[in-house]
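Starting off with a structure, shown below.
As written, the chain order gives the labels A, B and C, with residue 1 at the start of each chain.
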């Protein structure tokens, strides 16, 4: 096709829109952000993902101007934003609670920021109409926030924060208050709007599925640090640490001792079990502790010993979690370790070849597992 | 639905009879034709007529309303500022003293507040009159206002103010365009409270009023010291009437708007 | 800059009109009575500089407080204020608790109306509410008329101008302050707690004493302080309903000031009244704090 893939972070000539340079934020004794340096590029949909208290919200509030870094600088378009108060920044925020002004109509809420800029009336009206159209709210312009449903309120908040055409839009758990079904629809709507407007989005969320769905890059955070920032696919397939592997999706972690073998390492994980082989270009010391992270859907389960797979273990089915389209088998190995295997239920339930307490074989390829250092 | 037991019914009936009977008697006897206040002499509105012709009472009533409007307005402005400082200003030097000075007047006996203000006014050589009563009432009423307003501010969603700043407001604009309209009901009830306290106050006004200004409570007090008077009964009935109509209509209005809001919220969730 | 103005305006106002006047009271309480205008010495004369301040300080003493201690009128006034405030607080509790309880147990759609009925008197003039009892309690008043006409008593009772009338006045005017905190603590009470107590073998009566009452204690304490603290310094009620023998400190202060024109003694009375109030106020604050922490 020849279409260029959107990946400005791989291009050394690209200048980032936002640069965090050795940013630390402390609240009294507590360090919320610990010496972080990273870049966000124009037109990106950047997700900050982590458990509550990991510092993701603080990161966002520093961009909005509600908190100032204790150390380090934040550049927006090459300019230090520390001296700029929130009302002068070309940054807008969509609040977790939406923060819609209850005494103003939807129309007035969206026009609020434009009026502050002192734009002429016709221009404000035109821009508000445009925003109402973008978020499919034309019919609700005269309503007050309390007369709107949760999903409509969410779209008002989005329209209001986009109205001033900010360089950067911050979204604090934008879908947190919606129910599961609505959330899925809204995720695609968000991506659509981001593409249409070409605005850079930074989203804060604790929902990994949401981050994976919407973001061009996901930054996994913990204890004030970004552990890994990469595309959703690479975060999932090539986690850089046990923490990231465990945080994103379901995973089997096997601990063992690594010895170099062939184009990777052999991992001895239990007495009397064959070593497991994984391809890796990491440099590990022989005999050091290492971890294998294997996604359950990459573990094949069978009644017969598979001949085509380099890694094979045997165990007994402990539990079966039936999810409709998928089933997850919890298999106990002789050393007590439990390995999960997930298969798609392409056949009817009654035809399932194995059940509780059955002895089964598990196998995976030498590229299925990611080797991680201890 | 729980039903009332006989005990609860009795407690409520007796309790509310105790609260309301004295005022009902007062109202009924204000229409007594007889000059002997405890003997019923037939229905008459004669005492209302006498009251309307009593220049001294009318003057005092005018002074009282003037004082109440001025002091409650000032108290609302100062009290709202004080509430904002208490809830939002964070730490500053002398914060403990400040919050102490907000809460102390609420428990200070009126005789002490009145005495101390009088001594101040004499000390700085200020002529006592309407102005000194206004200053005194403003000072103690602003504390009540700030308690009412700050309890509303505490539950105020701060992200609304942040959203206003984010959309380009200066801090003052954010207060004027977002915070103030939302806390307006609390500010209004603060004003009403300050107004009522000022209308009602006898002790502080007695200390701080000079010979040139007499308020209605001072007038009533000096009249009733000598015993029950039919004119005062009429005056009391008028005052009770105004308060009753005011409070009941205020509560009906707020109840209706609450009902409407919750109906609209239910309707919105269905769409 | 704006923040500074915002803090400074109410701050300076309160300093000038609350703290400074109060310090003046303390200062005058340490001065001597004089036949002059103003009727006390010494006066602080700042034109003489440091010497003036020194002379001024030398002129202050505790004479007024010694005078208060030596004259048993003041002792008795303090003690009787404490006694009247304590007895009427207890009576208010006895009257107010059943009302609050009845309100909390009333059907939910009644409660806003009942609450309004309790709050309404609070907006009505305090003076008028006290005054309304004068006609009822007088010797030829409505209460005596009623009691004589139904034959309970032969001779009219003397109630007005006694301490009994003062008790009635305090209970009546401060009742809402007692009902509201008790009601709010009872209303929050989870109904299933009582069912659990009865399920575990309590009778209705013992369930009340073992579960309901202890859980409404915070409301009872708050209500009691809200009645006790203002009752202690009360002036209007004892002067309208009390007799010449009713001694309350607020009334004494008023008379010292307006009738005897003894400013230093009136100030000293005020200082001691305030010292008397500090203990209940601190206890009250503690109780509030504890409740906030329990809720937070």
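Definition applied: contacts are C-beta pairs under 8 Å (C-beta built on N, C-alpha and C of every residue); 3 or more make two chains touch, one makes a residue touch a chain.
Not measured: the values here are computed from a predicted model.
Asker: Using the contact definition given at the top, which chains are in touch with both subunit B and subunit C?
Answerer: Chains touching both subunit B and subunit C: none.
Asker: For which chain is the distance between its Cα centroid and the global protein Cα centroid smallest?
Answerer: B
Asker: Ranking chain pairs by contacts, what comes out on top?
Answerer: Max contact pairs: B-C.
Asker: Report, in whole Å, the distance between the mean C-alpha point of subunit B and the mean C-alpha point of subunit C.
Answerer: 18
Asker: For subunit A and subunit B, let me know how many angstrom lie between their CA-based centres, rounded off.
Answerer: That pair's centroid distance is 55 Å.
Asker: Between subunit A and subunit C, what is the gap in Å from one C-alpha centre to the other?
Answerer: Once rounded, the distance between the two centres reads 61 Å.
Asker: Considering subunit A alone, which of its residues make contact with at least two other chains?
Answerer: In subunit A, no residue touches at least two other chains, as defined above.
Asker: Could you tell me which residues belong to subunit B and also touch two or more other chains?
Answerer: Touching at least two other chains: none.
Asker: Among the residues of subunit C, which ones contact at least 2 other chains?
Answerer: none
Asker: Looking at the complex, which residues from subunit A come into contact with subunit B?
Answerer: 64-66, 85-88, 91-93, 95-97, 99, 101-103, 112-113, 116-117, 143-144, 146-150, 152, 160-161, 164
Asker: Please give the residue numbers of subunit B that touch subunit A in the complex, ascending.
Answerer: 157, 159-160, 162-170, 173, 177-178, 181-182, 261, 264-265, 267-269, 271
Asker: Can you name the residues of subunit C that touch subunit B in the complex?
Answerer: 2-3, 6-7, 9-11, 13-15, 17-22, 24-25, 28, 38, 95-96, 98-99, 101-103, 105-108, 112, 114, 116-121, 123-129, 131-136, 138, 140-142, 145, 172, 175, 229-230, 232-236, 239-240, 250, 253-254, 257, 263, 266-267, 270, 273-274, 277, 281, 284
Asker: Touching subunit C in the complex: which residues of subunit B?
Answerer: Subunit B residues touching subunit C: 1-5, 7-9, 11-12, 15-16, 18-20, 22-23, 25-26, 29, 37-38, 78-79, 81-82, 84-85, 89, 92, 94, 97-98, 101-102, 104-105, 107-112, 115-117, 119-120, 122-123, 135-136, 138-139, 142, 146, 171-172, 196, 199-200, 202-203, 207, 217, 220-221, 224-225, 227-228, 232-233, 236, 239-240, 243-244, 246-248, 251, 255.
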